[in-house]
Each structure stands twice: as C-alpha cells, then as structure tokens.
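Common to both upcoming complexes is chain A, partnered first by chain B, then by chain C.
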Partner chain A sequence: MEIKLENISKEYKNVKALDNINLAINSPAMIGFVGPNGAGKSTLMKMLVGQLLPTSGNIIVDGVLLNKNEKHLKERLGYLPQDFGLYEELTVEEFLDYMACLKGINRSKRKSIDRAISLTSLEEKRKFKIKTLSGGQKQRIGIAQAILNNPELLIVDEPTVGLDPEERIKFRNLFSEGSKEKIVILSTHIIEDVESICNSIIVLNKGKILFAGEPSELVKGALDHVGTIEIVGNNREEILESGMKGEFKITSTVITPHGTRYRVVSESLPSSFEKITPSLEDAYVYCMLKGEVENAG
Partner chain B sequence: MPDKLLLIKNEVKYMFKEKAIILLILAACIILSIGINSLNMTNDFNLFYIRRTSSTVSFNSAKFGATICSLLFALFTVINLDKDKRKRSKAIIESNLDYLNIIKVRITSIIFYAILTTIVGMIVVMAIQKLIYGISIDAFYYLFSYFVIFFPTLLFSILIISGLYLLTESLDMSVITFIMLFIKSLKSNNYLLAWVQTNLDIVSDFAGIGPVENTIIYNRLLWLLISLSIFFIGLLFRRRYESGIGSSFFINIKSKGLLALTILVLLGSGFTYAKEPYTMELMSDLDMPIDEKIQLEGIYPEVEFDSENGKMNAHILYSFINNGSNTVKFNINEGLKINSLKVNGEEISYKKIKNIVEVPIPNAEKVNIEFSYDGEVKYDKNGVGSGMPGYISKYSIYLLEASNWIFRPLVVEGDIIDISGYYMAPDYLTMVVPGKLVEVETIDGNKKWIFEYKSHTADIGAFAAKYKKVQIDVLNMAVEFYYTPKHEEYVDNMQIVEHIKDMMEYYTQNIGKYYSKEYPLKIAEVSIYKRGGHSSENVITFSENTINRDNDMYSVLGKNNGIEDFRKVDVYANDLNLIAHEMAHQWWGTGVNVIEDIPWSSEGLANYFSYKYTQKEFGDMISSGAFLQPWEYRVNELKNYYYIKNDDMKEKLNEKFIRSLEMEKRKAELYYLMPLKLLKGEEIQGEKAFLEGMQKIYKGHLLKDLTYDEFLKEMNLDEEALEID
Partner chain C sequence: MINLLRYEIKRIVWSKKYLYIVLLIVASTYDSLTRLIIGGYMGTAPFSDWSYTLFLNLISPLLMVSMIFIISSTFNDKEMRARSIIFSSPITQTKYYILKSFAVFVIFILTSLVPISMSFIYYKIMFGYGEFGSFIKFIFAFLFPTFIFLLGLSMLLGKINVKLIYTLIPVVFLIGFLNLGGDIVPMWADIFGNNFFDMYSLSMLIGREMEIVPFKLPNAFIYTRLELVLLGLIFLLYTCNKEEKE
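Now for the complex of A and B:
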C-alpha cells in the first residue's frame, strides 16, 4: 500500500490546522505521529481515513485520489479514533460481530472475532455487555474492532490511553507485529511507545511537520544539545531563570543528596553543562525547541 | 465491501437485540387492539356504537394505530439515526463504509420493522375480530386498511423524520418540526394534507370504500412523494467531512443522481398537489349572484350512470322565461366536461371561468338551453370522507344538488318548475328518483328510471344502492323507505318503520296533512360519507349510522335503562331526531316555503318540531339533555365570543377565519336560536294554542311562501317577546 500526501493544508476560519504537509508512506511501515495538543495529529489522521477533507492538496492512496476512491481505502482500513464510543448495550462479541459485518467479513467472521478477542485479551469479557466494562477494557474493544479485518492500513489515535503498563507493552508489540507487512500509524503523547516500536517518526507542531524520519536520525540531530548539571544547595534561581527565558528546556529534575540534577535540552548548550547522549524524548523536545526558534526567527 | 442485504440483515438483527423494537411492536399491537373501539372514544356522537364489521374493525384499528404509531416510529427512527452522534461511535462506523450506506441500511431496517408491525398488528386485530367478536374476516378491508393507511403512515413518518434529521442534524429540531406536520395533518380539513390518519372517519358499510378509495390512494401517492422529497432534501444537506450545512450541500450536490431524484420528487409533489383531480371548491348558495331578469321554468334531465367507473353522462334541457337578460350563468361541477351546448337548438360558444359557465342567450322570451356533458363528479375540497355532496361508485350513487351534478342556473326560480326525465343505472341498483316514478325500463343490463314532478325548487338529487324498499301506508299517505338489507336486523329490532309511522302521524296531527297526494314521501338511507340528513322536495335521506349500530343498542328498548344505557338512549334519540328533522322539512321547506330571514328558517322550524316529537317519545330529561341544553350552550357560547361581541375587531382576523366564524354564527342562529325562540313562543301561548296556531299557518301557506313577519303576525307574537336571554 502506498499513501502520498501532497501539499495538504487545512484551515478552520483562518486558523491553519495543517500547513502544506507532504508525506509519502509505503508498506511496511510503523509510523509514530508525535506532537503537542493541537499540533494537527488527529486532523491529519482524520484526513487519512477519509473523514475530513483538506482545504487544499491531495491525498493519493495506491495511485488514486482518496476522495475519488474512499471505498478502496475503507476496505483496507482499521481505525481507532482518539475519542470514541461503543454500542454499550451489546456484549463484546455482539459488537465485534456487528462491526465484522460492516467490514464485510463474512466467511471467516467467527475466526476473525476470536482472533481479535484473543489479541486484545478480552476472552473473559466476550459475553459481557460493554456498559459493564472499565475504560481500559473499552479501549481494548476499540483496538479489537480496528484489527478485526486484519487491515492493510491501521491508524490508531492515542491507542494506549487508559491502559495499564502491561497492556501498553502488549499492544505496542501487537502493532509492531502487524507492521511487518502493512502500514501502522500511531499517534501518541507517549514517546516511549514510539521509541519501542516505530521505525519512523513524524513530529508535528502547529500544523507543520518538524521532522519525518527514523527515530535514530531524530536522536542524532539532538547530539550535543542535551546535557545535565547538578546544582549544589539551593542555588537554583539562575538555571530556572535561563529556562524561563527559553535558552534551554529542562526535561528532568532529580533531587540528589547534594542538591538538584537538571537534564536540559538547548540549541546551544552552555559549557557548564555535561553533554550526554540524548534519548528519543530529548530529541523530540529538541526538535520542538528548534522549531520554535526557527518560527521566532 | 459488505453486501447490502447482509448489512440490512445485520442491522435488523441488532435492532432486535436492542429490545426497543420489540416493545414498539408490542405497543403497536396494543394500540391497534384499542383502536378497534376508537370510535366510542371520540367526541363524535354520531359514531358511537357503530356496528362492528370487518371494515370498521380493520379501518378503526388501522387509523387509530397509524396516529399513535406514526409518532412512535418517528421517535424510534430519529433516535436510531442519532445513535452514533450520541454514542460518539460515528468515526469508528464511518471508517468501515460510507456513512450514507449506514443511514440507508438503518432506514431500510426500520421500514422492515414497520412492515412486520403492520403484519403482526393486522393478525392480532383479525384474531380479536374473529375470536372475541365472532365477526367473519373480509381480507380486502384488512389489506386496504393496513397496507394503504397504516403502513404508509409509518413509512412517511420514517422518511419525513429522517429527512428532517439529516437536514437539521438535531434530534430536537427534527422532532419539533415533525410534530408540527403531524398536528397539521390532524387539524386539516383538506384531505390532501391528512397524511397521518386520512380524512376518513369511518368506512361506510353502506357504500364500501369505493367513493373514497381514490382520494385515499391519491393522498398516499402525494405523501409518498412529499416524504421522499423531504428525505432527499435531507440527503442533499447531509453533513459531510465535519463541514457546515452549506459546504456539505455543495459536496452532496455533486451526486447527479441524488440531485435529479430530489428535483423529480419535488416536482412530482408539486404537480400532484396542484393537479389533484378529485375535488373542487364548491361554492355555497350564499356566494352566488342570482340574475333576477330570467326565470327557470323547467329542467329535463336524461342521465346515464356508469357506476362501475364512477362516471355519468348527461343531457339536460333547461327552459327559461327571459325578461331582458343577455346571458345565463351556470354553476357547474368541474369534473364534468361539456361536450355540447345549444341555445334554442343551435350550438353556441360559451365562457367558462373555473366552475362558472356563462351562456349568451338571445333577446327572446322563451329560451331553451341544452347541455351535454360527462365525466366524474368532483367532491368538495374540504368535505372528503364526511361531507361529500356527490359521488358515483359501484354500489352507491349519491348526488345532491349541492354537488352541481345537474348544472345549477344562477337565475330566479319559478313558483313551479317542471322537472321530468330519466336516470339510467346498472340493474343491480335501485334508484330513488325525485317526484313520481313513471316507469322503469330494462335495457341491456341497465334500468331506466323515468320520473316527473312539479317542483318548488330546482334542487334535484339522485340516490341509488342495492336497496330494500318498504312501502309504508300511514293515514292514506304513501311512504317509501329504502335501506340496505345489511341493516335490516337493526331496522326491525329498533322499530324504525314504526317510528317513521309515528313521526308521520305526529306531524299530520300537529301541523297538517302531508303536502302532496301525488308524490310519495321517499326516505332513503345513504352512506356516512355525507353525515346527517337532507331533504329536498319529496325525498329525504339520512346517513347510515342512524340504522347501523351495534346489537348492544337493543337494550335501549328495554325499560331497565341502567346508567350505561343513558348514552345509548341519547344516541338512539339523536338518530330518530335526525329522521324526524328531515321529515319535518317536508312540512316546513317543501310544504311551506319558509323565506329565510336569520334566524327565521325552515331549519329552525324543523328542529322545533323534531324536538317536540323526541320529547314525546323520550320524555323531558332525554330531549332536554340531548337538544335543549346543547342549543342553549352553543347560542350563549357564540353570543359571548369575543370577535362576535366586538365586531370591529374582526378586521384583525384573516378572511378564512371570519368566514368560518360567520358560518358558525349563522348555523347556530338557524338551527339552535330559532327553535329556542319557538319554544319561548310556546311558553308564552301555551303548547296547545301555539301548535294550533302553527297548524293554521301551515294550512294558510301550504305551497306558498311564509315570511317571519307573517309568522309573527299570524301567531300574534312580537319579536321582542321571543328574545332569548
């Protein structure tokens, strides 16, 4: 499967939610969309699933404009939106049965439902009405319906919200496994999720792509821009003031026996800071910082 | 992509699992069962205790059920369409297939349940009819009531609310708009607008569905187009890609098929409404300007009825005495097409504006005008189902002069109008002709009913059905009573013939001899499609409800009238009063020509005498409760009505309302105020003296005019004395 986004922009009453996005995605791929709230992640995802039209630009799926061939996309799509509801009066099994029919699964319906239930660990709850389940369990049903048809394109918006750490790991692995032969696009606030499974990361902010590439490249770009410093005693005002001025971003603060250790990301790291190898989270923060600086420039 | 049929099957399955639909079907069955007796739950006294038959049971249940189930199905539909928005599940559902498909599938599934409800409900009502009431089933009426009335109402409700919801994308707004359309349907007199329950109150046992069948089907066709229009408009404005109504419209309009369909059904709705073929605006007598310079002397109708096809073919000759007029205007029925028009034997061209035809005439003293016309009689626009002045159907012909089936010349009528001619109809029908029946000839499966009479008015009626004719002789007067054999048991058990004799005797003793020895009094049962009664010359008619009531009514004739029986006694008293009222018109109206001067009228006199008869038969309590009190109440109500008390305020009302208010006032004065005044006169003079005075007046004015002033003078009464407080 091949998806191309050409000069995609989306405006809401003169506010640009997406600004000239260009992107090419080929299967297999496991892509993580990251960015702050309002960056345009969900808008972009809605466009990719055909639920929102761009103000300008084209989305091309397998060589055909999406708005001319939504059917082609929807036959291959699994989608979990960020904010969703389910038919609470149905049982888990009934809901998946209903969705299977919408997805056009006929012959192997039972098998597909069993597989989705098993992959989302809902075996014990399959006969339970959805309204009796917890938020995390409902999130799992959302994932189950998305993978029901073993889609060529799986788009999941904040899929691990509400899941406990163990479940999160499980689903990360599930998406990762799936991406061996298809496209999985995952949007998240949790960098750790992206770090563990994505072979490609797209950083969005204010409707623009700040970075698109492998996570290692993002990390590489942040080399020499991440450092630590330990402030002894209570002499913290200077560093906090610099942070406030935007000279750097403090990404962690750890109280030590001698004082406080700060981890910072900066365009130009002061010499008093000890340079360290950046994590993906540091690289993401650096990317955002750089983006802000460029915008200001 | 999923198969459409599988999607519908899936939706049907999961709707069923949600239980609401089961409750809806159950509720519908209960409502339909309650509807069997819905006539007794209305305020319509005329329809109480109507005999249950397959037609009444199926129609009443379907009509009552349609009214309530329309709301229930509309609510069910809109809740279902709003489901994904409410549950925030739209994004998930829409990611699998075009949401339009989901809408279509949901609506189709609800329509499937509407069909299921119709079938289950129909079976339940059939079972009740057969097992509880022991009435045999007539499948035709069930299929008609349930698949032409009940199911289409549900279908229209589903489509209309779907369209409104798609248009407004708001559950509240769509429900409120739907309720407005619903109320409009219930309140409208125009049969075209009555999409929920149709304009029909009851299916006639006498005439069957025939006279109104076409109007019901036409109403259904119109509303199918209207509801599809609303639905397609909704689809055109369906919100797309999280856009507003305008942007969505421009996206949806790109679908050429949808746009074409919407335009097609919209034009179809407009065309069907505008070109409605069955009704017309019939002008009342009051609206017609009369040419005083020309006088009608004779009418000679030759009419052939094709009752199988609801058509007639007529050749009518009119003779006039002209005192200087250049034209004669005729009020016609728009359903009848003029094939030829001759004046004094010569074909002539004429002007036609709507239902008025203007014929130029020569400046000669004697003018003969001959019309040849044919077609289907159009009904009054606001009277379909309960106030039809004329129709021709397979088993019943009912043509009052008010339908203009014989074109009415708008001229002065001579004191005596010579009327003779014939009606020809299929031989299975018995025709009730005005005046004297001269001869009946049988020609090729038809019967030709030749009649003649010297009439005091140009009013000519024609009535036919599969009648049983009973000859009644009372005090050497000939009375012919025509009724359907279907109601013979009731006529016998409720002693209707004996009551007719009693009425004749009562009027003869208290007013005077029947006006003619030559023309027998003809009393004919007619269908309920024209409620109440009618009297013209020697023919009176009354609607079938009068002698088509339930066996339960027989208990009225027993002396142990329990509390429940009071209502039955009231119904019985009203039924007999209707016949008595129309019969009284033979004395006041036909015998004596009462010159109307509101409230003075033949209606007031007929009401007074029928009241007197009912008082004699049922006593003071029943007659007072059934007649006096309602008359007083209505007179007072109108007298105190704001816009009547404050005449100058009327200007602020619309013309239609003023007109209806004036009609109501006029009716109250003619029918209720006048008999109250006469009762006051009776109170002043004493019953005996008053009735003796009336006898004297009748004798003195027989076959002549009687004005109010003459009446007051001859009765030694003055108007002030008759004032009602």
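Now for the complex of A and C:
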C-alpha cells in the first residue's frame, strides 16, 4: 500500500489545523505521530481515513485520489479514533459481529471475531454487555474492531489510553508485529511507546511537520543539546527562572541526597551543564524547542 | 444488511426507553378504548369504520412522538461518537441512513401492532366483533403517511441539528392532541387527518338523510395523505444523499 499526502492544509474558521503537509508512506511501516495537544495529529488521521476533507491538497492512495477511491481504502482500513463510542446495549461479541458485517467480512467471520477477541484478551467478557465494562476494556473493544479485518492500514489514535502498563506493552507488541507487512500509524503522547516500536517518527506542532524520519535521526539532532546539572542545597531559583524564561526546558527533576538534579534540553547548553546522550523524549523536546525558536525568529 | 438490521432493531427494542414507550402506549390505548371508543363515534357502533378511524386518530400522536423520540437517537451524542468508528468501514453514508430509517420503520410496525392488537382483542371480548380485515386500509391511510412524513422530516432535521428534533416532538404532540380543526391547524399542517373528523364528518352528519352515516374517505383527504408520503420520501432521499463531511 502506498499513501501520499500532497500539500495538505486544513483550516477551521481561519485557524490552520494543518499547514501544507507533504508525506509519503509505503508499506511496511510503523509510524509514530507525536506532538502536543492541538498539533494536528487527530486532524491528519481523520483525513487519512476519509472522515475529513482537506481545505487544499490531495491524498493519494495506491495511485488514486482518496475522495475517488474511498471504498478501496476503507476495505483495507482499521481505525481506532481517540474519542469513540460503542453500541453499549450490545455484547462484545455482538458488537464485533456488527462491525464485521459493516466491514464486509463474510467468509471466516467467526474466526476473525474469535481472533480479535483473543488478541485483545476479551474472552471472558465476550458475552457481557459493553455498558457493564470498564474504560480500559472498552478501549480494548475499540482495538479489537480495528484489527478485525486484519487491515493493510491500521491507524490508531492514542490507543493505549486507559490501559494498564502490562496491557500497554502487549498492544504495543501487537501493533509492531502487525507492521511487518502493513502500515501502522500510531498517534500518542507517550514517547516511550514510539521509541519501543516505531521505525519512523513524525513530530507535528501547530499543524506543521517539524521532523519526519527515523527515531535515531531525531536523537542525533539533539546531541550536544541535552545536559544535567545538580544544584546543591536550595539554590534552585536561578535555574527555575531560566527555565521559565524559555532558555531551556527541564525534562526531569530528581531529588538527590545533596540537592536536586535537573535534566535540561536547550538550544545552546550553558557550560555549567554536563552533556549527556539524549533519549528520544529529550530529542522530541529539543525538536519542539527548536520549532518554537524558529517560529519566534 | 439483514444482520445489521437485526442488531439495530435489538438495540432499540431491548432498552428501558422502549419499554416505557410501550407501557405508555398501552395505557393510552386502554384509556382511548374504554373511555372514548366504547360509546362509538357520533352515534355509530364502537367497531364502525367511523369509530375505528377515530381510534387510529387518537393513538396516532403518542405513537408518532415516540417514533420521533426513537429517531433522535440516530443523532444523539452517543451515536455521533460511534460514527467515528462506523464510518471508517466501507459502509456509505447513504446506506447508513437507509439502515437506520428501515430499522425505525420496522420498530414503527412493531409498536403500532401494540394498540392495534389491543383494539382487536377489545372488540372481540367486549362485542364479539371479529371482522378486522376492513380496518387494514384505514391503518394504512391514517398511520403510515403520517409516519413516513415524520420519519423523513425528523431525519432531515436531525441531520441539520439534533435540537431541531427535540423541538419537533412538542410541536407534533400539540398538533396531534389539540384537535383544533381547520381554523387553527391549517389543512397543510394537518398531518394526523384531524380535519377529516372535524369538518367532513360534521357536514355529513348535519346533512344526513340516512340513519347510517356512510363512511367514505374523500379524495382530498387521500391526496393529502399521498402528499405526506411523497414529502417524507423526498426528505429521506435528501438526508440519505447529502454529504456531511467537514
């Protein structure tokens, strides 16, 4: 499968949710969309699944414009939106059967439902009405319906919200395994999720792509911009003030026996800081910081 | 599609909301039969064509308001949130609305059977009357056009804004229950056929020469009913086909 986004923009009442996005995605791929709230991640995902129309630009799927070929995409799509509803009067099994009918799964429907239920560990709840289940279990039903048709393109928006750490790891691995022969696009706030499974990362902010590439490249770009400093005693005002001024961003604060150790990301790291190897989270923060500086410039 | 329809119907029927609706219709039907229909309409028998059409006219407002209430669930917050998943499947918007409309249509038939069955049982037990075949055409003439019109109108309004459906509920209720006649509710807004009783039957009764008042649905009444069906279908077609993507 091949997806191309050409000069995609989306405006809501003169507010640009997406600004001239260009992107090419080929299978297999496991892509992580990251960015702060309102960055445009969900808007971009809704466009990719044909639920939103761009104000300008084209989305091309397998060589054909999406708006002329929506059925082709939707037959191959699994989608988990960030905010979704389920038919709570139905049981888990009935809802998945309903979704299977919508997705046009005729042959081996029972097998597909059983597989989705098993992969999302919902066996015990299959005969339960959805309204009786917890938020995490409902999230798992959302994932189950997305993988029901074994899709060539799986788009999941904040899929691990409401899941416990063990389930999060399990679903991360599930998406990762799925990406061996297909496209999986994952949107998240949790950089750790991206770090552990994605071979490509797209950083979005204010509707623009700040970075698109491999996670290691993003980390490479942040070398020499991440450091630590330990403040002995209670002389923390100076560093906190600098942080407030936007000179650097504090990514972690650890209380030590002698004082407080800060991990910071900065465009130009002061000499008093000890340089360290950046993590993907540091690199993401640096990317955002650089974006802000460029915008201000 | 049959499977989907089965689930849509199940979702509505197996709900407390629907149970309360049915209970309300049962109570209202019982009241209409035992208090108003038992005496017959304008001196005719309780099971005359006159009395039966009056009975249909009496049960119609509550039945229609209930259906509009059920239709509103196609556009409520819960359904809107579910649509984000549903519309990621290959189902088209047109098919989705056809599915929802057809489910409501089946529910309408099922719900209508409650007062209709009650009336048949009542006639059989109270009067030993069992010739119900002649009532079928009146059921089609009085209930179906009103329903199809309101189905189309509710779907159209719901698509614009669900609050418009909630506004429609009291409006329809008032038009139906306040049997005000042609002076206040004009003919074009007479979706329940109230004018048929208020004007046509009155003129027939005043000028009658026979003991038995002949029952005849005037052509003007039938045309009005056909117009309602046509309008309802136009509204439905528009709703099903109008693109709603942002």
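By definition in this document, the second predicted complex is superposed on the first by the 297 of 297 C-alpha atoms of A that agree within 3 Å, B and C clash if a C-alpha of one lies under 4 Å from a C-alpha of the other, contacts with A are read in each partner's own complex, and residues count from 1 in each chain.
Note that in this section contacts are C-beta pairs under 8 Å (C-beta built on N, C-alpha and C of every residue); 3 or more make two chains touch, one makes a residue touch a chain.
Just so it is clear, the structure is predicted and the values come from calculations on it, not from any experiment.
*Asks:* After aligning the two structures on chain A, examine chain B and chain C and state clash or fit.
*Replies:* Aligned on chain A, chain B and chain C clash with each other.
*Asks:* For A:84, decide between first (touching chain B), second (touching chain C), both and neither.
*Replies:* both
*Asks:* Just to be sure I read the superposition right, which of the two partners does A:53 touch: chain B = first, chain C = second, or both, or neither?
*Replies:* Both partners, chain B and chain C.
*Asks:* Identify the partner contact of A:142: answer first if only chain B is touched, second if only chain C is, both if each is, neither if none is.
*Replies:* Touch partners of A:142: chain B and chain C.
*Asks:* Just to be sure I read the superposition right, which of the two partners does A:104 touch: chain B = first, chain C = second, or both, or neither?
*Replies:* both
*Asks:* Which partner does A:74 contact after superposing on A: first (chain B), second (chain C), both, neither?
*Replies:* After superposition on chain A, A:74 lies in contact with both partners, chain B and chain C.
*Asks:* Would you check which partner chain A:32 touches, where first means chain B only, second means chain C only, and both and neither mean what they say?
*Replies:* Touch partners of A:32: none, neither chain B nor chain C.
*Asks:* For chain B, which of the listed stretches 1-9, 397-405, 595-603 or 703-711 runs into chain C?
*Replies:* 1-9
*Asks:* Under the contact rule defined above, give the chain A residues that sit at the interface with chain B and also at the interface with chain C.
*Replies:* 49, 51-53, 71, 74-75, 77-81, 83-90, 94, 98-99, 101-104, 142, 145.
*Asks:* Quick one: which bits of chain A touch chain C in the complex? Just the residue numbers, please.
*Replies:* Against chain C, chain A makes touches at 49, 51-53, 71, 74-75, 77-81, 83-90, 94, 97-99, 101-104, 142, 145.
*Asks:* Could you pull out which chain A residues touch chain B in their complex?
*Replies:* So the residues of chain A in touch with chain B come to 46, 49-53, 70-71, 74-75, 77-81, 83-90, 94, 98-99, 101-104, 106, 142, 145.
*Asks:* Spell out the part of chain B that touches chain A in their complex, as residue ranges.
*Replies:* Residues 1-3, 6-7, 10, 14, 17-18, 83, 87-89, 91-98, 102, 240-243, 251 of chain B touch chain A in their complex.
*Asks:* Okay, in this complex, where on chain C does chain A touch?
*Replies:* Of all residues in chain C, those touching chain A are 1, 3-4, 7, 10-11, 14-15, 77-91, 245-246.
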